[in-house]
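Chain nomenclature is as follows: A, B and C, assigned in order of appearance, with residue numbering initiated at 1 for each chain independently.
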Amino acid sequence: MSFVYFVLNRIALVIPTLLGVTLISFMLTNLLPGNPAVVKAGALATPEYLATVERQMGLDQPLYVQYARFVSGLLHGDLGESASTGRPVLEDFLQRLPATLELTLASLLIACLLGIPLGILSAVHRDKFVDHVGRVIGVVGVAMPSFWTGLLLIFVMFYALEIAPAPLGRLAPNIAAPTAITGMYVVDSALTGNWTALKSASAQLFLPSLTLAFSIMAPLARMVRASMLEILQSDYIKAAWAAGLPSRTIIYGDALRNAMIPIITTLGTVFGFLMAGNAVVESVFAWPGIGNYALAALMTKDSGPIQSFVLFVAISYVFVNLAVDLAYGLADPRIRIG
Amino acid sequence: MIDGFSRRDVVIGGSAAFALNGLSTQLARADEPKTLTVAWDTDIDTLDPAAYKSIAAFTTVANIYDSPLFWKVQPVAEQPGVMLARPGDYEGGIAESWAFEKDGATLVMKIRPGLTFPSGRAVNAAAVKYLFDRNLQSPGYMARLFPVLVHVSKPEQFEVRDDMTFAMNMGAPSPMALDVVCLLNNALVDPDEVKAHATDKDPWASDWIKRNATGLGAYRLVRNEPGVEVVIEATPNYWRGKPTFERIVLKYVPNEADRVLLLRRGAIDLVVGRAGLTPRNVKSFEGDKKFKIVSLPDTTCHFLCMNNKKAPFDNVKVRQAVNYAIPIEAILPSVLYGYGAQMKSPVASLTPGYDETLSPYKHDIDKAQALIKESGLKGPIEVDLAARVGWQTHEQAAVWIQRELEKLGFKINIVRETDATFRQIANKGDHVLSIESWQSWVNDPFYHLSFNFHSKSRNTNVAGYMNPTVDKLIDDNMHEPDKAKRLAAARELQKILIDDAAWGFLWYENWTRVTRADLSGIGKRWDSFERYHELTLAAT
Amino acid sequence: MTLTSAPDLATPPVRRPFRQGMARLRRDPVSLGALIIILAMVLAAVFAPWAAPYDPNATDISVALEASSWAHLLGTDVYGRDQLSRIIYAARIDLLIPAAATAIALIIGCAIGAVAGYRGGWLDHIVMRCVEAVMAFPALVLAMGLAAALGSGLGNLVIVIAVTQVPTYLRLIRGEMLRVRDMEYAEAARTVGNGDGRIIFVHLLPNCIPPIIVQATLSLGYGLLTMATLSFLGLGVRPPDSEWGEMTAEGASQIVTGEWWLFVFPGLAIIFTVLAFNLVGDALRDLLDPRMRGVK
């Protein structure tokens, strides 16, 4: 089985999944109770005016037509219009996406910085104190709902100890946003040398990203530990020990490099998890990202933003997993057969 | 115009927020003394003056557009620095003066000379006619109101007498004519700008005007970033002069706890919007010298909507029993914290003709139980009580009401619905029991009664109340020019509706704002939206 | 929130699991503690009217928003309701809904997964494409969308949680089926002339029970977390029913005035319960699946 065949096969498998994803997200939003046109038209709307609004919103068409329009719109980058902002959803969405990406990447970074060393140490010092601590963190971390972690962090770090800034979005009030380059405030302010904004943006980012990181750190550490253990017990590592190589070289060189493959796979799953956790954390910290946007839309039955959020998360999840699959296949030829 | 159906565009979840480490106070406005920072919780959905829209949109339109006439606000004796509209008090806007002809059947307005649109074009009577023509014919909101309120259904009734004189030929007198002209929806747009963006499919440029402002108001829109902020800046050479605050930043802060926090720390000056601050949080500012609480009686009615068409509330005895079971003496202090008053009539306490002596209802569970016995109702009867998510006073009141109604043999399930769901079910008349609110922007008893109790007001008569006597009284007096006769009819209607227990009468909620202590000049009109140009800073 | 991954479990039948389990519990105080927590929660839920010191819905304005005291161990809320009593009553929903969802997901997932795995071919293909489409959504995002679509109500909540769990069971059992369908005893059952249905459900499925038990235990915890999160976001349980996530949300809005006990205690109830289910699930896995022992 050639590598090219493997790649094409994996990509082909993605297509029915994507179709299914569009169908499911379309069905979800069309099942939503409440007619958005009624809210939009207002209390005194005549039936004729209501019909006009419904027509404008495309709600008078049969479902399959709406679905076809939806898919063709998607292909043209048209995600419809948001009823609560009166703007194209894509525009709203792109405006908020950097906030979500910033939060996601920061928490991924924190989770890796904390989770991977913890996993390694637990594996190396198996059944020692570090391992036990790691296990407790793992077990408790998995059981803590992230909204509660967020509230607790806010209460302790902000309210009680007063060391964190108010959990109100991405910048302290009265600090102007840095010149937009990537849209991620921390990156932009660093690039433009805007230290006031950098300080504020990093401080604002800290608690939400820590909250989100905490929810994925535990499974990450657990996975790192498991794969490290497996590698450390493998023949060639045993051979390396026998050859008298320094343990530092063995652990952080050969073993870690080999353990990274399953870790990368975990990151695929972790990413999907982050996207879901985002919505909750964004809501707790008033973070103006796409998760919050979708949650807000759920309340007004504004189907455009909800559809876009659900779709975006699912599609990016599919592609991240595809990328992980391909990278994995590239790194480990045995996989291709599966 | 209308409405207490004010929709709020969302608040989810809990958040976070707390006391104040004076972190940002030193950052605040030392360098920009002329910026006013306001927090709200909605986004602008459309800027089309003619359309029905979100609170953020109405607030913005109120500040970037002017209408031909304004409700006049005057200082309130007991609250210095606060201005209030009074019934029947108007002042010139785009039109500098007005007069009635033909016994009130024609309204003539003289356009204020010297006004120009931002484009440089002069404002004239033709521009005013275009505004009314557009509102009457575009698929907006006003088309429905003109015929009902001022007998106008054809654009020919809007007449350009000469370059600076405009006349509205109503054909018959209407007591509500001036109020209708004051409505925010009748804001003046630049006809040439609008026409330039009209298309065959969209002759009134509704798509364009949704996102573009083309008015002549105290401010102009400089930034609209949904979910973040809206910024408006003073219009140069505005005809009413330069405002104290030249820049208004309206920040989107969806969580109430966060709004409280920002206000406490001085990071914002004012909280607006329907959700704004709940009475409990307003209470927490009492006694704090750094803040001023402005609280005025308002025209917003909050009521327990009983479906008059569905059992068991089709039985008048049951409806009366419910009115005696409402624990108003618990709700006023523990839900409204005193920022409201018992609703003693189907009309608001500020509405002309209001009579507070008619209602016998007070919390009296024995009487309520006796009435239930008379009604022949056999419990337990399971009923859903609908309240809107995020309407905190309603959700809390629902819990208090639930306990009391259970003493009458009901089994009450509180159902929380999002605004969209709630509104749709209500318009279809499918709620059996719900907590509703209504504010009449035209502060007139017949406007109010006609929308809420006339059997033909399909979408707005949410209780499904039907009574031919009431219908006739409303129809006969809606446009009655004789004031005394009209008010007497209004009183008679109140009596009938109270005796019939058409609604479960809950409370009138005050219009309440917490501001920094030195903010002065805040005004409340019938539509409840602030006009920022009249705000000033008191010398400290 | 938790990361759900179907454990890849082999299933040599365990002999005398009960006795082994008891022996293990004696050596493992953590799992014992977890089991005790679960039992205590179940008892509290079942006997809530006796366990709770107050009527959970009794409002009393004179004691509104009081912190912990002897009269009200966990304080009171804005309506003066006793929080301990509310948490105890809420346990009914917090245990029952995930349990019902898990049962439904288990039955549906196992049935489809078993047939797809046993039959293979086009049926298996279609089923797996559907599963992939559903699994393309992170569980919580799918749950949010579904919860919003179906509306509030306990029954709908059960469906929402069940839907997010079905793929896990389906894939688990399908994998097991693929493994066991060609084993000797399956062949034997076929040669004797058993029908497919009988082979699947009588001969093969029982061999897959141990991993199902482990997964079901873990699912209870995940289900509770999903439900609490949905309720926190306003998409799940509605008042007057109380649920720990919903109580946390109500408490969160009181933090501004310093009433911390309103969000802390319901959250702790969630954590302890989920923790207990996870620990018991892990212990069961060790017990029923010796292969995993070394790794954990």
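Rule of thumb we're sticking to: contacts are C-beta pairs under 8 Å (C-beta built on N, C-alpha and C of every residue); 3 or more make two chains touch, one makes a residue touch a chain.
Remember, predicted model here, so these are calculated numbers, not experimental data.
Across the two interfaces under comparison, A-B and B-C, the one joined by more C-beta contacts turns out to be A-B.
Relative to chain B, the chain whose mean Cα position lies farthest away is C. Averaged C-alpha coordinates give centres for chain A and chain C that are 24 Å from one another.
Computed from the mean C-alpha positions, the centre of chain A lies at a distance of 40 Å from the centre of chain B.
Inter-chain centre distance (chain B to chain C, centres taken as mean C-alpha positions): 46 Å.
Contact of a single residue of chain B with at least two other chains is seen at positions 12-19, 255, 261, 389, 421.
Of all residues in chain C, those touching 2 or more other chains are 151, 232-234, 248-249, 252, 255, 258, 263, listed in ascending order.
In chain A, the residues that reach two or more other chains under the touch definition are 33, 147, 151, 154-155, 159, 280, 283-284, 295, 298-299.
For chain A in complex with chain B, the touching residues are 33-36, 38-46, 49, 52-53, 82-87, 92, 95-96, 147, 150-151, 154-155, 158-159, 162, 165-169, 172-175, 280, 283-286, 288, 292-293, 295-301.
Listing the residues of chain A that touch chain C in their complex gives 13, 16-21, 23-25, 27-29, 31-33, 139-140, 142-148, 151-152, 154-155, 159, 215-216, 219, 226, 229-230, 269-270, 272-273, 275-277, 279-280, 283-284, 294-295, 298-299, 306, 309-310, 313-315, 317-318. By the touch criterion stated above, chain C contacts chain A in their complex at residues 1-3, 5, 129-130, 132-134, 136-142, 144-146, 148-151, 221, 225, 228-229, 232-235, 245, 248-249, 252, 255, 258, 260, 263-264, 267, 270-272, 274-275, 278-279, 295.
Residues of chain B that touch chain C in their complex: 12-19, 255-257, 260-261, 280-281, 284, 330, 333-334, 389, 395-396, 398-400, 402-403, 413-416, 421.
Put simply, chain C touches chain B in their complex at residues 57, 59, 61, 64, 78-79, 151-152, 232-234, 238-240, 248-253, 255-258, 263.
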